[in-house]
């Protein structure tokens, strides 16, 4: 079915550069589209060419401002659906609201499910996401979700800078499985920083599982928002005697709030991040940006020609 | 069913003052709630008190920034629903995206239906709106929608300032039925400004149906965004010899873009507007703000005690 | 996807002649089908040939008797769906219940939404309608709706009879945008008849915006039911000094109740109407019937071969 | 929940007399409602009094014209739902399209499921039906269906006329279980007429299981439409030597097509039928009409006060 | 659409032999799949090869243990759907819970609808079933259901053993239509055994309609569970003087509980049954197993290549 | 709403003793119900008393055999819904299939979402679960889910046996947050056992974060299935020099496969487990069973009387 349809890629405003990158690799011009805001801020989207019968991929990470990018994505889905697209797939490299995956006290919203349900108001054949904050988010969607991973491309980029005697570090328990995947790719041991209490009264000390003394830490996480988790882990690592030259690797770099300040205060050798979110944020922060264009182009190409995604997916 | 449930009113951040006004009239404290944005802009909402088994009314106009206010409303609905509210009613005095009620060229979204479907992802017993841009929006929602009108309260406010020899003016054909309703309330004749072409080549001249020469125009519209429609109508009215003292009456005052400049250039005697959207926008614009608190409190009170809304509704 | 499927057109009993016309233009035999009523009036529909894997178009305007035609259309959709049609598109040239698009007093049904939801009980890929009474009906359907216009074919038919010094007249405010479209096609100015009140006590006088004195009016409307609106507009035009030779153009001619009497009393030069509804109604009424077969065949052909409908759609 | 709500009964136009009967028994005035057809046949329904928070019962059998009565019922449901009814229950004493419960050849509709799905487009708490053609129709509805039986009231009416040496006869295999239920109520044996073939070449002879010679047959069926089944059974019974004085009992009397002629040709002692469908049909047919008002009033009363329906239901 | 997709057949664990048979006839290797139970009994299913874009047929009768086979089928549907199958069709030769098609006393479940709704939680293009207990089950599913019949293949197998002077016997009224279909295929007359009461006090005697004395009965039923119905019919037939050599034919042979004992006690000449359920059950029971592989392979082949199923379907 | 309804608790067959315990605490007789299996294994459920208008709680953990208990729960929900229950809440103390919350390789099912969607086929007002394997399962359900915790009652039971110098141990990273909650209740420090690799070639060694030498470990987990995780953690703890007297605490004790053998091989001082699953499994295993009756009775009581569950919920 796929191959007989024309392939069309529509890029929202959340990351046009990434869209262009995917298109270039696919040898495909990005579809003409007009996305404008009226003076009162309401968005108006229009697809600029016929997509009737096409196999359409909408590329839109839902990074900040999340609501705007989310609604724009839904409007684009609606427009493609009404315009006769045979199949619409949403490529959401970064999925906002992923951390609100449960109620903590009983009277909050489950924001991740709300975001998933909003995306579901128009028929989506499939969603594609990269290194989700929680793998269980797959179960929040009615439509199939392909969970890609940027670990191979980030590990590949890191390899030339791979420190001697390195150790992959998960800055909290939630990143443990991600760290395992990096460790396999980099042939490093793994360590995990976590909150622990040494006694009933001493609270919230960071403890480290695994050997880090004298080693060069490669801190990995799926996302960095304000940098708090990474900074706390770094402090614990340094106190534990690691080499004072940190490598930080993350798929999603939001770098909001005190992120620049916090990361700037660290002995940061390298910071690797993908372009899932445009890395024009926090421009004063030195980083090495690894493009996701190849990974996403590969996924689009295989989905369009009905081939297995197998090796592009997260395996945990 | 209603009266046996406890009545709770939760106000979003889009118009807390209006919420307080409604609560004060109802003799009801606004429900405690905590709505915050994380550093990356994601919203977190929490209801601060038990709503289990309550009859909850969520007050949130979806004015600018529309996406944020819309998502916040959905998150609040989700939170109330999960927290066990027996019934949730959304009070949306101003409903954003109302003008995107059709495709104009074939490849746009139908934004109003998208917004309606987003609100519908969680069970809403009912929506309450005021002076919708298009009455047919009622058909966009699966849930019942009560379409209230602010015409009586605006007409009441206007009455002391009611000009001698006035004429109610619809600034375009879409406002014709609204103008009729004002005319009945004010005992004025009605006139309609509309685009017309006098010949094949002369385009888009405004023509006026009804007598305005020497009369004091009361221009009425459901909403004013950039002021373009009102300004063009005013020009046509003045050219047609109306008295150079305009009264402008609108339910929803967005006043964005060049609105202040445009309205400021008119011989504006009075500008009446409700507080459906906080009238802290465009502070340099003199206006008379008419509170919707009474109307909405009345609607909430009747809905809660299962009484007819009859006379509060738009009748066309 | 479309082109690989076989194209099949099934005509209901509401307008078999129009179905044959579409089929003839497409060079396609109408699909065999058996539609019968049992003695107690229950309908039994059967598709007479295999539609498994086909791209099926069901042609059925929902004119009087509306309920019967509506139910027959749903039964046909059910039969095609169960019989394995790959895609079913409903062509509903005239859409009944379109005027019930809101509640007027609070305790009625929203008939148009009810009709839309009834059509939606079986999977319809798409609906195709012509000159809907309200363009916003698009938002009543979950499935995409293609809103075609008969204005070009009606204007084309009218051109040889185009009166000198003509003026396109909208008989009420709701027809204003339609009149604009005719005016552009005919290179005529436009005038609008509307209800107005010259004072507080004088009610409901028809007033005319635009110049009609000495001009030949071409009254246009999306539909004529009992002819009341057109007759009242004609009276107002004649009183305003128009030439006593009226041209009336409408897409949908129901001509029920006093329509023949009312239209017969007018100085009617020409009456143009399409065959959206079989023009065997009111046989004593002279009229020029313009076939929609070409327009609908074009739409079917493009939908089937996945081409843009662009220029066939209403643009407002 | 029920008892705290006000009880309201709304009668459609399909059987207002039955509605009045139910109301009288309940000591309840029928709710004011206005149901009219426009000149083009479109229905307009309006509830004439507030039903906000009420427990509403809509009484409407969907006998001929089925489509009209079905749509009217849906419009009433929509109107009650929008007007704020807390709970809407549809009482459909006769359910049209019940016989289309499967496809017979592969390309028909399953009309009974279509009718069920049409009723389901608006929230119905429950349906109430009487002596359905197929008990399995219960599974066609998503909402709960209470399947009442008129056998007790019909048997009670029949008792004074109970023939000596009677035998309950099912005129075809489908009525076998119904006949069992009558036999238990009347203390009669049961016989079944059915199509059989005595050899490979002799087709479709009616054969009778059970002893009928010299007995007075009481033919029972859920419905009589054209009378064909009953007439054929009668012929077979007479040939088998039954007493030439037939009693015929049916819940639903449609009496369409050749029914009067066919039944008139039989030695018909008594014909018992309920008023599920107004027995103003086929006025020349002598019959004894047994009112369902008591049964339905009992069901409504119990549903409203949340009591068990147990003994009113079909038990098979 | 179908033919362009690759055809894949996945067999659940309920009847792998039947799956292999279908595959062999189609010249198609069965798809690799891994279905395992964890130590706590939870099932884990995995499709072993890419099905992206494929036309997938899942073969799984839901015989005992019904819940396990039903859930496994749903898990397989979920896995195929997520893995990108273009279309999933469930082949359920025996459909469990079919007899729970109504409530008998008011407070039970409608098990057949529950099973249907469970299958519907993932998108199924279509279901294929064989000789359903009640044909009206078609209306329980939202998706189209193709109701195949094994009568032709069973009749064909029976033909060489066709007794002289045979009579097809329905062991109860529910099997009457099935018996008619066998009678047509075998050129035999038909007889029906049914419960009857000869008087008010004598209950539940089996009576026989049609001539059986001296004839060789061929008892037919859609399914045999404990054998009670067949055994009771046999007793009545023998008492009525039939030849003491019974042939029993059934599509679905569950043979649970006292089935072996009951059937073993009969003068059973032949027992014909299909392999809809693996005929490894009740191994001590002699029977002739007729394969459904050909019928199902034919159905799959036609569905895949978008051809009519016409002559494979039950026609009643 | 709740308090006006009658409270009814129906217990499935998965854990009748727990149901009786809850009823006893609530002073409420368990509702009569009849749950039987036919000889072919199909379940038949019947509620034995009227639940019309009642507030019904269905208690059924979905432990082994999971499919049977799951289907029985759905059948009970269906029966209650059809019998007129005003509100049905499912109490599922142990939720089976919770570990299948994502695809690991791309072609499996997401079993937890399948189970959630099966429960959702009938209207459930709410689900109540205890110590879910993954808190994010809340987002798998459309209906609100109350996530209770047994930590307080288990900690309370443990307190008298609280070892001197104890340490709460999470046997893997997934149990880290649970361990934190126990640590707060017991005033103990916390340690976490996790898989780590000390180098590129040495795989899967268990490492421990936190101090355990000389301490008495209290290993906590949400569930124990085969005991593999706990046994591996115990080995690591003993190697790390902990005191050779282990306390193991878990909410859900499945104890399947080699569980008895594995746990029996450990220096097990105490084993605490709740009765979420009947602790008649693995009878040879000594354990202390802590009843959940009080917790669940409290939850039911508060839900019924519309009070906040706040302090019964998991807070993470």
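For clarity, chains are labelled A, B, C, D, E and F in written order, and residue numbers in each chain start from 1.
As a working rule, a contact is a pair of C-beta atoms (placed from the backbone, for glycine too) under 8 Å apart; a residue touches a chain by one contact, two chains touch by 3 or more.
What you see is a predicted model, and the numbers here were worked out from it, not measured in a lab.
Student: Determine the set of chains touching chain D that also touch chain F.
Tutor: B, E
Student: For chain A and chain D, what is the smallest step count along a path of chains that touch one another?
Tutor: The fewest steps needed to get from chain A to chain D is 2.
Student: Same or different for chain A and chain B, where same means more than half of the interface numbers show up on both copies?
Tutor: The interface is built from the same residue numbers on each side, given that over half of them are used by both copies.
Student: What is the distance, in whole Å, between the centres of chain E and chain F, each centre taken as the mean of its C-alpha atoms?
Tutor: Once rounded, the distance between the two centres reads 39 Å.
Student: If you average the Cα atoms of chain B and of chain E to get two centres, how far apart are those centres in Å?
Tutor: 61
Student: Please work out the Cα centroid separation of chain A and chain F, and write it as a whole number of Å.
Tutor: Whole-Å distance between the two chain centres: 33.
Student: Which residues belonging to chain B are in contact with no fewer than two other chains?
Tutor: Counting only residues that touch two or more other chains, chain B contributes 1, 4, 50, 82-83, 103, 105-106, 110, 113, 308-310.
Student: Judged by the touch rule stated earlier, which pairs of chains are there in contact?
Tutor: All touching pairs, sorted by chain label, are A-B, A-C, A-E, A-F, B-C, B-D, B-F, C-D, C-E, D-E, D-F, E-F.
Student: Applying the document's contact rule, which stretches of chain C touch chain D when the two form their complex?
Tutor: 38-48, 50-51, 63-68, 70-71, 74-76, 78-79, 82-83, 96-97, 99-100, 103, 105-111, 113-114, 117-118, 120-122, 225-226, 254, 256-258
Student: Touching chain F in the complex: which residues of chain B?
Tutor: It is residues 1, 4-5, 50, 52-54, 81-84, 86 of chain B that touch chain F.
Student: Looking at the complex, which residues from chain E come into contact with chain C?
Tutor: Interface residues on chain E, with respect to chain C: 1-4, 126, 144, 302-303, 306-310.
Student: Which bits of chain E are touching chain D when the two form their complex?
Tutor: Going by the criterion above, the answer is residues 101-106, 110, 112-113, 116, 134-140, 146-147, 173, 176-177, 180, 183, 187-192, 194-200, 207-211, 308-310, 313, 315-316.
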